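What follows is subunit A paired twice: with subunit B in the first complex and subunit C in the second.
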Partner chain A sequence: MTTTKPAAGLRTAGAAAKESPRKPTPARSKQHPQGNKKLRRAGWLMVTPSILHIGLWTALPVIATFVLSFTNYNVFDAPRWIGFENYIEVWNDPTFRKATWNTVVYTFWTVPVSMAIAVVIAVMLNQKMRFQTWYRAAFFLPQVTATVAIAMVWLWIFNPQQGLLNAALSVVGIPGKSWLADPDWALWAVILVGVWQGIGMKMLIYIAALQNIDESLYEAASIDGASSIRKFFSITLPMLKPATFFVFVISVIGAFQVFDQVYVLTDGGPANATTMMTYEVYRSAFQNFRMGMASAQSVFLFAFLLVMTLASRRLTRGEDG
Partner chain B sequence: MRMIRTHAAAVAFAATAALTLSACSSADGGTSAGDGTVSGDITLLSPIFEGSEGQRLLEDELLPQFYAKYPDVKVTVDYTTYNQLNEKLTTAVASGLVPDVMMMGVGWVESFADRGVLANLSETGLTQEKLEESYTKEIVEAGMWEDSVYALPIMLDTRFGVARMDLLREAGYDAPPKTWDELTEMSKALTVRSEDGTLQRTGFDVQSMDPRQMFMTMLFSAGGDLFTEDLTAPAFNSPAGVDALEFVSDLIHVDKVEDIGFSSASADPNPLVNGRAAMAIAHNNVWSQFEKAAPELLGELQPFVIQGEASGMFFGGTLATVSAKSKHPEAAQALMEFLASPGPALAANEQRGNVPALTELLDSDYVQGNPLVQFAMENLDVARREGGPAQWLEIRGTFKPAIEAALLGQQTPQEALDGLAKSAQTAIDRK
Partner chain C sequence: MSAEAVKTTQPGEVPVTPDKAARGRAARRRSTHIALNIALSIGALTMIIPFLWMIVTSLKSPADLAQFPPSLLPKDWVWSNYPEALKAAPFHIYFRNSFIISAGHTMITLALGAMAGYSLARIPFRGREIVFMSFVAMLMIPTYTKIVPQFLLVKFMPFFGGNDVFGQGGTGWLNTWWALIIPGGLSASAIFLFRQFYLSLPKELEEAARLDGLGEFRIFAQIYTPLIKPALATVGLLTFQESWNNFLWPLLVTTRDDLRVIQVGLAVFRQLDGTSWNYLMAGTTLATLPMVLLFLFCQRYFVQGFANAGIK
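And now, the complex of A and B:
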């Protein structure tokens, strides 16, 4: 690894910046009051589209969702204030409880498993090898392919009669399953798709993080006689810690928002075995026309995610910067 | 060949369509003549005419006929699927941009009519009595709410029993079952398992149908009703309903006629096609599947009404409606009536392999050439539909998990239906 010395001119500029105070002198402000105003106006002008965008497409819907969650709103009639009734119903709804549990199980399995697989693949693809770019693209492909298209392929893979999975199992003498129709297996099938689909993005982040690890650490470990496995556990994994926390947070949020594969693969069934929180929000809003209830479920999901994110931030304090 | 016939039929029926339009027109004559008084840019939301073939049929063949009669009307079509129709309609209503003409399913009209989204067609002269001259009573009622007409039926999706007679003959039967007892006995005899117990062929497939629709077919066969007559309470958890669900559950768990997961509502092809089922509750368009995949077996298909305490035949379908807030109500109604008229309706049905709602189309080449569609039309007097209360769209979504829970053995049929009835009652009572 080589380090570049800063050029003399730059060093001088840096030193000068250290010596001189950063705030403008009053005399200078007095000299250009119009200039400051213009600068501020230009600044506001530049951030206005962003503020409008966030206000219109994020803040407003969030506020509307929160307000609607206290109403009985069926799209057709004006919303009617009903206080906490929706929240009480959400709390007592066994289907939403099932959906919450399924979402937690889905997250519990997809996040760590896909992270573990992603880090291993990232380490492997960080080595010098032929067709390295092709391999990386191949692993990233599920991330950029439409989930509906992916789900159609998995529908075929899981097909109990003509599916690839049962055919592969029959080769080794294991009887096939009705993966998507059996309530004991359907959620695992959805989890498998989630793991597979989630690897690409995580792998990409890990590869970026791996390339920032100082090579001299590995050189020093080699001189000390460390094996590859020892280097992985003593250098690679600890150095990937900030990236790991980042991947963890976005993966948890992503897992809690799982919808597409459930929508296409199982429709939440059989007997609600694979329904998720987001899917129940969809059902309430677009199948049952209960926007107020869907809003309350969304707030519940938001609260869940907020707690998870805050917990993650507490864990990552000082390491995610 | 079939497309040529479709085109010919569409043209041939154009004149009839004009007559129907005049018969169904409003009192003020706003929709009755091509005198230039009917005009405007209108939108059509359609879950049928899907795919490139459907789009071509609508835009290249049918709409030009409409424009010939109404040159001052321009139609913009918003294609969707039944899976996404709810989202489309919800967002349309919420945003106030409701399409002028909307196609929707049986059971949907009540919800939208009750909320004032749909135009009351009775006020324009389309009365129940007038429609019953062209459709069966039950079909007309599918487009009604509180004694007024809100929709014109276009096509029906029917479900009934279908048997593979070649497989039945192998087992020594020369006709489909006529009672539930016969159905059980024959289903058991026709079921084939390998030595290790793996199911090779089910005697009676109940899983290739949406669980809700499968249950309703059996519920009607058991003589049960979905709701009480005044639509204020569920009735599907009556003894007849429990018998119906128990019958199906027993076929799976007691008689071992079919294993869970052996087939599914998305099964393609239908297990009847490849001989994995000897009999099934099937949709009328299974005929189209046979035409493509196994035309040599078309002659072996035998439809039958599942006979219990009553006749078990279920129908859903597609109806055309007009928005109550359309800025061009005459143009919208003209389009709705055009789409429901014999020519376009026949073409749309042929494209989807469905059952025309208009009784007069029984004699058409299409119906006479498709024994399942013909059977459905000949038995429409015993066919029954889903829907009822204005909250039906909310209730219908809860059927599937409940029926699945009973079929999986997670709940008894009584428990599953009682739980379902409780949530249905909550929905009905919700103000």
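And now, the complex of A and C:
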């Protein structure tokens, strides 16, 4: 069910596989002909349970999703092949268009905003100071708590009658709103929660990356008389580029799969103002029992993510070369 | 703010008149330090306030709740909200279920994931690269691209829940522990992380062990795995956390109250009893508490996990 870490594989796996020093060499197999056979068997034995599990619960479902997306299937009757009809319907469905738009808006705001906040906090925390661990813990806390629980707390904060937010606003003299019932504001409320929860993980990755930056770069810049701001933009940010790419990809993948907080906060409403692609997949499959339709929608989601990942990869590569 | 932060770590300017410049620099460093702490405190407080508000609300009386603007602290600290909430919904059962499932997922991941990671990292066998690349490809699959067939697999699991050999006629694994524990038990990312950890260990150990006649499985279990204990803790904690916080899958495969996990229990409680915010926040506090404590005590491993998952 993991959805947050795929890019680790994406970025490092290829390189790691190429560097992997443990290829069976012919010389070796000549040296221990029997040992090698034993070794091979042990290797397969140890990896087979995982192959079976991942094969059954990930690989097979992915293939099945593609196949099902060309069928009309309601679980109770046998699936019927209908070609591209689901895809045509997905393409023309105004609700799914709205969901796609909402997902893009949600991603467009949550990812850069929380990334910017995270990099600033990481830089601030990247030095010896008292309470450093406590600060870090505070920023990371929303990340370890369940999104459902967090959404429940925000639901209460956004409450129009007794909510903390309206109370705080009334102190400053701003009239309160029913944030989650207002089509103009509901998506922004969901985005706010997304930003608030998403800072922690990005901050941690940035802190790890900052510790790898060579101190001598800053020393050299100081001798040349560079200001702090100049150093931040000319050294820190460029050196954080690989981390930024990684954070960006996993954040986009995460943001595209936003579901729990929408389920709790707004149920996709009001008037589909906060419905997301994932939410439409859920509705099609488990409320309307249109498994084929849900599959087509999830293929669409997957394609969207794939294109975005590849595009951002090419973009950063292009800058390097 | 960030620019100042860089400055405090990099005080490398050439002093003009040592005495005066040093004093000025120290004063400036102190003032940036204070500014930094203020900024960080405000930020940290923004993160903490919702949690504090959750706890405060969970201790308020209904009359107290109805007030606007709300009081910052409860007028009377109604600790009985917790037992009342437990009476209103069996949160202790939800709690137990979440714990069983998270522990199950963690054990399966540690056992199978470590074995697979070790094999992919250290044992040369034909086809290993293909197996590894397939796992990496599986890393990229979003949850929502496999959820429908996963549900169907569970529903049509042969020989379970009244199903025949073709998976027809019954409910399969729906509303069973199987559905809650088995499908989410292992993830490609855990295998990937384990492989990275095992790759970082020296080769000499295995050669020495093989010369001593140790079997491959014992080399894995007794030589290498003890060396990656921190990694086991990291992957274990991340797995436990993820599975404790998981919502969609248990929502889909269970409808029985006695199999409900705490996140689903919370959502259902809210739908049934949406206005008792004190009870709801008491339940939310209970749902949040284990992860907060786990994180505070094991912060190091969490931090390590995310750093490792990130850059290598």
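Please note the rule applied: the second predicted complex is superposed on the first by the 283 of 321 C-alpha atoms of A that agree within 3 Å, B and C clash if a C-alpha of one lies under 4 Å from a C-alpha of the other, contacts with A are read in each partner's own complex, and residues count from 1 in each chain.
In this section, contacts are C-beta pairs under 8 Å (C-beta built on N, C-alpha and C of every residue); 3 or more make two chains touch, one makes a residue touch a chain.
These figures come from a predicted structure and were not determined experimentally.
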Fit or clash - subunit C, subunit B, common subunit A: clash
Touched partner set for A:Gly268, first subunit B, second subunit C, both or neither: first
Which superposed partner A:Trp81 touches (first subunit B, second subunit C, both, neither): neither
Partner chain(s) touched by A:Pro183 [first = subunit B, second = subunit C, both, neither]: first
Touched subunit A residues, subunit B compared with subunit C: C
A:Phe232 touches, of subunit B and subunit C: first, second, both or neither? second
Which of subunit B and subunit C A:Trp91 touches, first, second, both or neither: neither
Subunit B versus subunit C as contact partner of A:Asn288, first or second or both or neither: first
Which superposed partner A:Phe108 touches (first subunit B, second subunit C, both, neither): neither
Superposition clash, subunit C against subunit B - the stretch among 59-67, 113-121, 167-175 or 293-301 that is involved: 167-175
On subunit A, the residue positions that both subunit B and subunit C contact, one per complex: 75, 155, 161, 285-286, 291
Residues of subunit B that touch subunit A when the two form their complex: 86-87, 90, 93-94, 111-112, 115-117, 198, 207, 259-262, 264, 266, 276, 393-394, 397, 400-401, 404-405, 408, 410, 427, 430-431
Touch list for subunit A against partner subunit B, complex: 72, 74-77, 95, 155, 160-161, 175, 177-178, 180-183, 267-272, 275, 283, 285-291
